[in-house]
Structure formats: C-alpha cells, structure tokens
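In what comes next, chain A is part of two complexes: it sits with chain B in the first one and with chain C in the second one.
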Partner chain A sequence: MDQLLQGIFDGVALGARYSLIVLGFVVIYRATGIINFAQGGFLLIGAFLTYNFSQTWGWNFYLSLLLSMIATAIIAILIQLLLLHRSLKEISGGVFCLISWSVFFYNGNSHLTSLILGIFVGASVYFLVKKFENRFGVSQSNELPIFGSIIVTIGILFVIKQVVPSIWGFAEKNMGDPWGFKIVKVGDLVFTHAKLWTIALTAIALSGFFLVNRFTKIGIAMRAAHFDHEAAFAQGISLKVVFATAFGIAGAVAALAGTATGVGIAQLTPNMDLIVFLAFPAMILGGFDSPGGAVIGGIIVGIIQNLTKVYQPEWDLDWLGVGFDRVMVFIVMLIILMIRPYGLFGTKEVHRV
Partner chain B sequence: MANPSKELKVRYQQDLMIWRTPLLRAGLLTLLFLYVLSPIIWESFIVTKFLDDIGLTMTTLNYAGVFAVGAIGLNLLTGYTGQVSLGHSVFVGAGAYFTAYAGSTWELPFIVWLPGSLLVGFLIGFIVGPLALRLRGNYLVVVTLGLVFLGDHIFRNWKSVTGGSTGVSVTGASLKVGPIDFRNFEVFGHEFEKSQSFFWLIWGFVGLTALLVKNIVRTRPGRALQAVRDRDIAAEIIGVDLLHYKTMAFAISSSIAALAGALFGVLQSFISPIDFGLLVAIQYIAIIILGGMGTIHGSIIGALVVGSLPRLVENISRDYDLPGVSGDQGGIGGMLSISSLNHIIYGMLIAAFLLLEPRGIAGIWIRIKTYFKTWPFSY
Partner chain C sequence: MESRTLENREALILSVENLEVVYNEVILVLRGISLNVSEGEIVALLGANGAGKTTLLRSITGLLDIHRGRITKGSVTFLGQKTNRDDPSKLVRAGLSQVMEGRRIFAELTVEENLRAGAYTVTSRQKISEAHDRVVSLFPVLASRSGSTAGYLSGGEQQMLAIGRALMTSPKLLVLDEPSLGLAPLLVQQIRDIIETVNKQGTSVLLVEQNATMALSIANRGYVLENGRIVREGLSDELLQDDDIKEFYLGVGEAGRRSFRDVKTYRRRKRWSA
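After this line comes the complex of A and B, so read on.
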C-alpha cells in the first residue's frame, strides 16, 4: 500500500512537469493551430538561464527562476514574431543581421562595431528583398500551411538544441536549487522537498494561467481567437497580440518546467528536451485544445509512467526491457485514442465536405 | 492554322505518359547514361572530380540514394495521400534489422531476403495503417511519433535479433544475384570498388522505386489516394474505400521504407538503434519538404541535397576557417562544433524553405518554367 501511495506521489510530481509542458503546447495550439515542437528548445533555454542566473551569477534561486521565466517568454515571443508570423523581407533581414553580427564578432571586432555592421547588412538585405519580392511572386507565401509551421518549429528546435550547448557546454550541471535532499516523512512515505516544490510551483503557475484565461481581457481574446480567428479579428481582437501572448505563456511555463526537470545533482543536460516528446501522450490524453485536459492528462501520464517503473521488476516483467515505462505511456495513449480519437477532453472536429 | 499547344492533351494515353516531350526523353537517356557511367568516370572527369573534392564522393551519393528510396515511399504516403508520418524511421529500421538477421543467421540469398524485408515492411505498415482511419491531422502526427519511441525501445531490447544498443553487423547478408556479386563487382575481369558497385545497386533501386510509385500515382489508385489527401470524406462519398486505400498507402510506403533500410544496412554494414531514431524520421520529412511534396523527382533531389549537405559543410569548414566554428569538439567558449553547425544549417534550411518556397525545389522549377513560358508577361 505504501509502495502504491509513494508511486502515485512520485508520479504526480513527474506529471506536474508534463502538465506544464503540455500547457505550453495547448496554449499555442489554441491560439495558432500549430503544434510547437520548439517547446523543447524553450525548456532548454529556460533551464539553462535559471542555471546561469543562480549559479554563474550567484543570484537568489527563486529570483533567477522568475527572471528566466520572463526572459524565456521574451525569447519565445521574438521567435514567433520573427519566424512564424512576418513576411519574407523581415525574416531574411533579421536572419542576415544575426549572421553577420556573429561573423564580425567572432572575427575579432568589438560588440558595437559588429552590431552596427550587422544592422547595416540586415537592413540592406531587407530593402533588397523588398525590391525583388513582387517580381518573383514570393510575397504571397507569407501565410504558411499548418503542417509547414509545424516543420518550421522543428527547424527552430534543431537550431536551439545546438546553440544552447555551444554557450553552456555539453557537461552535466547542478542547478543549485535550495531544496537538495531535504525530505518530509509522513508514516513510511517520503516526500522530497524538490518534488513538493515542483507540485506547488506548478499549481501556482496553472492557477495563474486559468485566472488569466478566465477573467482578463487578453484571456477572453485568446478564447475568442481559439473559437474562430476571423470572427475574433472582425470584433477588433488583435491576432498578433494573441499569438504573441500564447508564445509568451508557453515560454514562461517551459522555463518553469525546465527548471523543475533540471533540479538535483547533475540533472541539467542539453538532452533534457527529450522530456517534451514524452509529454506528447499527455497532450493527446487531455485533448489538444483543453488546458484542463492538459493538467489531468499530464498527471495521469506521470502516474502511469511511475507505477510502471515501480511494479515492472515486482511483476517479473523485466524482459520488457529498461525504459519500458516510457513506452507504456505511448501504449496507453494508443488505446485511449482508439476509443476516443480526440482525447479525453478535446473538442471533436467537425468536417465539412 | 497554327499547331495546337504542346500542353494540350487530347487523349487519356497522353495524360498518362511519363516522358511526354522530346526534351524529357532526352533527359531520360542522359540519366541512364549517367547511371551507367558515373561510377567509372567519377574520380577522373573534371566536373565530377571537383564534386568529389568538395565532399560529394561516391559513398555520399550512395547514402543519398538510400534516402531517395525511403523518401519516395514517404512521399507516396505524405505527399500523395496526405497522411503525415513522423515514424518512417521505424519502417526503415525494420527492414534493416530483418536484413541483418536473415543475412547472417538464416544465411538467405539476396533474392530471398530482399523480398522478405519488403514483406516485413508491408506487414508493419498493414498493422499501423488502420490507425490513420480513426485519427487525422495532428493526432496522427503524434501517434506516428510514438511509433518512433516504440520502435527504438524494441530495437534496443530485443537483443537476440537486434544486438541491443550496440547494434548488429550486416556483413553476413549476401549480395549475389546469379553470377554478379555487388560486394566485389566484376566485369570482364575488371574489379570495381565497393562504392562503385553499390552505386549501381542502390541507384538501380531508386529508379525501380520511382517507376513503381509513378505508376501507382498516375493510374486509378493514385487518383484515389490524391482524392483522399484533398478531402477524405468527399473521397469516401464518391466511392473511394478509405480503409483499403489508407492501409495500402501505409503498407506500400513502409515496404519501400524497409527496402531503403535493407540497402542502408548493407551499405553501412553495421546498424544500431541510433540510425533509426527521431532525427532520421525528421530527416525523411525534411527531404520530401525540401524536394517538394507530391513529386517523385522532388524526393530524389531533396535526398541528394540532404544527403550531401553534411559532407559539404564538413569539407568547407575544414578547408576554410569559418568564424565561430571550432574543430571537431564543440561546446567550448562559445564555439560551435562542425556537427552543430550542420544541424543549425539543416534546421534553418528547413525553416527557410518552407517560409520562402512551400512547394520545395520542385516548386522553384515550376516557377522558372512558368516564367519562361509566359514571358514577356508576368503571369
């Protein structure tokens, strides 16, 4: 019995992280209709920023966490504005500005010189593309198909996954969290502080999101945009603001999830973003467009995964192999999808012919 | 009276023709010529020697050919039938592991294990296919993504067949077809190198696969598949059996993928689960996007680009000192390693292509063709 309860508690702590990750997916999906694979990249950036603030610069851990959430949100918004929204001239201008800045900087110029040169190159590319885009008919393609946007986010993930270790290195790092190995004992059950804090922070973040979504103007705008883009636009809701907010929220919760994943001894690695792929079943279980479903799905998946891990040796299922708990989650996802194709709480799509 | 436009088709047979114009027929001849001659002249002819020097060696071309086979299969499923699959690498892996096992443990001859691996791929696709009937769009993407993890787990844990995480050797698989052995290919007493003979083997299969898929998509089943892609409910109403066509698309696509896996296995001669992970699945998607969804020549061009890009980047960054890029080991002092640079260029290429030209390289060609056809008018 104790083992079961302990397994469930650990599962909830694991599931809390999944809930945060999935919340990021769901918010972006509701607003824009794309699955944002770059969520794993946001998670990496957030975790490493927290590490940088708290360890390298020695700031207070909670302050670093807050700052890294804000910083990651800004990065996410920038990525959305630059790459997923704007037209060709702005993208190419921005990209060339960044590239030439890095080229000049690494060739030994000072920050200021390389920045000015970078802006100069970016601006010239901007005007060049502006001059030529109508002639070749590329300007029409600024509205990407949904599948295209998904692949673009995969491309962004590739880039972030390489940039992060090039800044902070490949080695495993200690997050420097204030919780360490402290535990609370209730009977025979062991609650570590880190897990309790993960659950608490998740609960705070989630309730904050639900309050915003329910009561503020931007929350109502986001729900309206989810219902119908064009109708919301006709009512004077700025879709740009809604999209940017969605990415900002996703970035912030990803930073929190990344920090929660990275706490402990040598847990912070550049491969941490794999947890995002394990969170996919949670999203499916809850349904793509249901924030409440995200939370419940995440916790269910966490509990299933952890209980599988606990009971696999006990029930002589070792022949299923190491790491079967992760696969078990996908199997459960498949079974549930066969019964309910839109997840437990997802909206059933209506198909017109 | 002037002649009718060459574009005008008056008979169904004309619509079906693959090599419609004299120009295309000349292109076919050139391709056949290149196929036969390339391996022989690759390292001596001046143009190809230059390509060889910058990293486009015979071996690189062979890997690109393997990618092309798999990508043509994926294009049948994703480009023509509209079922996005992120799990293509599992099918590829199934073919490769079957080849390794059948070749070394059962010691089957080439003409038996090759159809065998096709059959294995077909069966797996046949099991997975019906899932697409119940799920669509993003849900299908995530489920096929789950397949990658399931496949990876099986590859790592079914140790008696797959050798676990370390992998398994494929050198036992024989490549003898009658008197010809592709491992040491011999014509009139002249022995060719491994990479040369593999070029003939692999690109021969590229041609066969392209022909097979082209024949599927230009006839009745192909039109049914494209109807499913455009609007599956409407297709069902006009009499397309969704269960049949979606399952068959999955099965045929995955059996082609298994063929690619078998070729990959014999080419690389050692396979491990890392060769069939998520990265490879995304690579296949990237190929068909770069090349052009719903075009067969697009998949081949895309495979050539994606297959040769890493080598080119590696060579260029070795020969010229690129700013901000260190040697082999990265992650020190804000420096990127060459492999990181590869991934970055790769990711940016995918993103840029989709933003600029959603129809891929094939789309650029169409745009150029329209530009010249309608010249001097802009539309």
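After this line comes the complex of A and C, so read on.
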C-alpha cells in the first residue's frame, strides 16, 4: 500500500512537469491553431536562463526562476511576432537575417558588423521572394497557411537547440539544488522537498492560468478567438494580442517546466527538451484543446510511468526491458484513443437543445 | 417618422464611393458601388444570393483581408475617415459594430462572457456596465440566462445575443447581416422591433436582408444590389411600390403572384437598367 501511494506521489511530481509542458502546447494550439514544436526549445531557454541567473550570477533561486519565466515569455513573444503568422517573404527574410548574422559572427566579425550584414542579407532575400511572389500572383499580404507555420516552429526548435549549447556548452550542468535532500516523512512515505516544491509551483502557475483564462478580459478574448477567429476579430478583439499572450504564457510555463526538470545534480543538458516527447501522450490523452485536460493528462501520464517503473521488477517483468515505463505511457495512450478518439477532455460539440 | 430625401447629405456616417473589390486577385465581386448612411437612418441593402452584399459589408467592416479580398478602386469613409485598409479593432473603436451572418456567437462561452467579449475594445468599466444595462433592458431574456452556455440558447435568443454583443460598444453605426435568417415569423417581428428601438436610441443601422418586406418596413431608404452593382436606390416607400422590386423581392407582380418559372424566364429576358 505504502509502495503504491509512494509511487502515485512521485508520479504526480513527474506529471506536474508534463502538465506544464502540455499546457504550453495547448494554449498556443487553442489561440493560433499552431502545434508549436519549438516548445521544447522554450523549455531549454528557460532552464538555462534560470541556471545562468542562479548559478553563474549567484542570484536567489526563486528570483532567478521568476526572471527566467519573464525572459522566456518575452523571447517566445518575439519569436511569434517576428517569425509566425507572417507571409512567406517576411519569414524567409527573417530566417536568412538570423542565419547570416550567426554565420558572420562565428567567422569572427564583431556583433555590430554581423548584425548589419545579417539585416542586409535578410532584406535582399525579402525583396527577392517578394518579386517571385508577384510573378506567380500569390496574394501579397497573406500569412503562411497554418501548416507552413508549424514547419517553421520545427525550424525554430533546431535553431534554439544550436544556440543554447553554443552559449552554455554541451556538458551537463548542476542547476544547484535549492531544496537539497530534505525530506518530509509521513508514516513510511517519503516526500522530498524538491518534489513538493515542484507540485506547489506547478499548482500556483496552473491556478494562475485558469483564473486568467476564466475571468480576465484577455482570457475571454482568448477563448472567444479559439472558438471563432473571424467573429472574435469582427468584435474588435485584436488577434495579434491574443497570439502574443498565448506565446507569452507558453514561454513562462515552459521556463518553469524546464527549471523543474533541470534542477538537481547534472540534470541540465541541452538534450533535456526530449522530455517533450514524453509529454505528447499526455496532450493526446487530455485532448488537444483543453487546458484542464492538459493538467489531468499530464498527471495521469506521470503516475502511469512511475507506477510501471516501481512495479516492473516486482512483477518479474524485467524482460520487457529498461525504460519500459516510457513505452507503457504510449500503450495506455493507444488504448484510450481507441475508446475516446478526441482524448479524455477534447472538444465535445455543443448542441442546441 | 420624419421624411428624408436622397439629398440629405448632412451628418454622413458612412459613405462608400465607387467601390471595387477583387478576391484572390482575380474574381471581381463589386463593380463600383456607391452608398451612403446618414445619422439616425436605417438603410436596407437588398439583393439575391451572390449579389455581393456580404462582400460589401466585409469591405466596410474590415474583414476583407482575411478572405483574401482587396479593394482595388474607390473608398470607404466612416465618420469622415477613410478606412480602406483599417482592421476591425480600429473600426470598432471608432464606433462601427456588426452582427455577422449566421449569428456567430461564441457557443462555448456563457451569455455573460459573450457580452464581455463584445465589449473588448471598451476600456472604461462604467461604460461597459452602462452598455450592459442597456442591452439587458433591450433583451430581458439575456439577463435571465446570463450564466448559461450560449450554444444552448434557442435560435432567436442567439440572434438577440449576437445583436446585444454588437451593442456592447455603444456603436454609432450598427451593421446587420441577415438578422432574420432562419427565424420564425414571430421572432422576425421581434428582431425588427428591436432594430427600430436601437435606431431610435441613436444608432444608425445598415441592414442587409433577403427578407425585403421586413427590411423595407423599417428602413428609411434602400439599395438593391445585383451582380456587384447597385441597380436601384430610393426611399423605402418608393421601392415598395416599384414593380421590379415587387416582382423579385416581394414575390408579387402587377398581375398578382406568378409562378417561379415565369419569374425566372422574365429575369433572364430582362436586365436591370443600372
């Protein structure tokens, strides 16, 4: 019994991270229709920023976490403003500007020179594509279709995955351990401070999000835009603001999730974003467009994964292999999808009575 | 109701001049349309399916861009400002509000939240609560169902919610696209009365309708749109007396009601003199 409860508790702590990651996906998907593959990149940026603030610069851990959440939110908003919901010429101009800037910089030019050269290259690509567009009669002011934007997010993920180690290096890092190895014992159950804090911070962030989503003006605007983009637009709701807010929220929760994942000894690596793939079943389980489902799906996945880990040796299932707990999550996901194809909490059509 | 003439140009709220709209850079939908709405007026816009009514509304309310449409000629002027390329949030702030075709309420939100979404551009809390009181007094049914999910309302209630949502910004001009669509005659009456009340409270109305009897019965003036052109315009009384209008929009000709086949062949034979 104790073993089961312990397993569930540890599972919830693990699932809390999944919940945060999935919430980032869901918020962006609801507001913009884009599946943001760069979410793992935001996670990396957030974790490494917290590391930088708290370890390299020696600031208070909670302050560092807060600043990292704000900074990641700003970076996410900038990425959305500059690279998504844009027309082909703007995206290609922006991307080429970034690429040539970094190439010039790594070839030994100064910051300023490479920036100017980058802008020059970006602008030339912009005008080249513009000319090309006109020739084929593609409407000039229209943004890329949703699918195009999704592909762009994959590109952004790759860029972030190159940039982060080039700043902080490839080696594993210690984020330090603000909570140490302190534990709380209840009976035979062991609650580590780190896990309790993860759950608490996640709960605070999630309830904050739900309050905003439910009661504030921008929350209502986001839900309205999710339901009917055009009608919301026609009511004067600024879609730009809604999109930017969604990316800001996603960036902030990603920073929190990244920090929670990277905390501890030698946990912080540039490959940490792979946890996103484990969060995917949670998203599918909860339903793609339900923030509540994101949380519950995340926690269910965390519990399943952890219980599998605990009981696998006990039930002589070692032959299934090391790391089967991660596979188990996908098996459960498949079963649930067979029963409820839209996930546990995906959109149910509202019918008139 | 005081009589107005076509020459009444003082206090022009909306004026559309020689508007030409192209979709996807190829499909010419509006071919030079001119239209005016003065302060305090109800103006009806009639036309068959595909005549370009909704496109005209989109170019007035700034929704053309997202439908890959573009104004290639002419201009739209709202309250003295040229608004050809403005987006809706700017227009809504300036005092133009619209009820889209098919209601388009936010079915997953509650009635209350729908109204608050309508007031997105209003920053002063006092103004929001004033507008809210006014909407509730116009539509008492919305108050009694304020907590329920909008998708569960009946069709008539949804239309009222859509109008109420548009009124939350206390607009100077209200643009309605087919508010009577799919409603029972009694409800059409009710919507008609509400539009009249809203107008009396000082909002000008541009009313797009297929239900010509209803539209002309409250409008001061009317325009008839066909194939992207205005083919008739005049005071509602004149339009109601016009033989061609009777023929096509009211279903009654000089020889009484005709069969649909006659109307069709007649229509093929005759071109509107524009």
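The rule is simple: the second predicted complex is superposed on the first by the 290 of 353 C-alpha atoms of A that agree within 3 Å, B and C clash if a C-alpha of one lies under 4 Å from a C-alpha of the other, contacts with A are read in each partner's own complex, and residues count from 1 in each chain.
One rule holds in what follows: contacts are C-beta pairs under 8 Å (C-beta built on N, C-alpha and C of every residue); 3 or more make two chains touch, one makes a residue touch a chain.
The structure displayed is predicted, hence computed values, not measured ones.
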| task | Considering only the touch criterion stated at the top, classify A:I154 as touching first (chain B), second (chain C), both, or neither. | result | first
| task | Figure out whether A:I335 sits in contact with chain B (first) or chain C (second), or with both, or with neither. | result | neither
| said: According to the stated criteria, A:F324 is in contact with first (chain B), second (chain C), both, or neither; which is it? | reply: first
| request: Examine A:A224 and indicate which partner it touches, taking first as chain B and second as chain C; both and neither are also allowed. | output: second
| said: Just to be sure I read the superposition right, which of the two partners does A:M1 touch: chain B = first, chain C = second, or both, or neither? | reply: neither
| query | Which partner does A:S166 reach: the first (chain B), the second (chain C), both, or neither? | reply | first
| query | Between chain B (first) and chain C (second), which does A:A234 come into contact with in this model arrangement: first, second, both, or neither? | reply | second
| Quick one: chain B or chain C, who's touching more of chain A? | B
| Doubly contacted chain A residues - partners chain C and chain B | 137, 141-142, 351, 353
| Which residues of chain A touch chain B in their complex? | 29, 35, 83, 88, 91, 95, 102-103, 105-107, 135-138, 141-142, 144-145, 147-152, 154-159, 161-163, 165-170, 277, 280-281, 283-284, 288, 320-324, 326-327, 330-331, 333-334, 337-338, 341-343, 349, 351, 353
| task | Can you check the complex and tell me which residues of chain C touch chain A? | result | 24-26, 61, 63, 65-66, 68, 70, 87-89, 91-93, 98, 100, 104-109, 113-114, 116-118, 120-121, 149, 151-155, 165-166, 169
| remark: Touching chain C in the complex, chain A uses residues 137, 139, 141-142, 217, 220-221, 223-224, 226-238, 350-353
| query | What residues of chain B sit close enough to touch chain A in their complex? | reply | 84, 131, 134-135, 137-139, 141-143, 145-146, 149-150, 153, 156-157, 231, 233-234, 237, 278, 282, 285-286, 289, 323-324, 330-332, 334-337, 340-341, 343-344, 346-352, 354-358, 367, 378
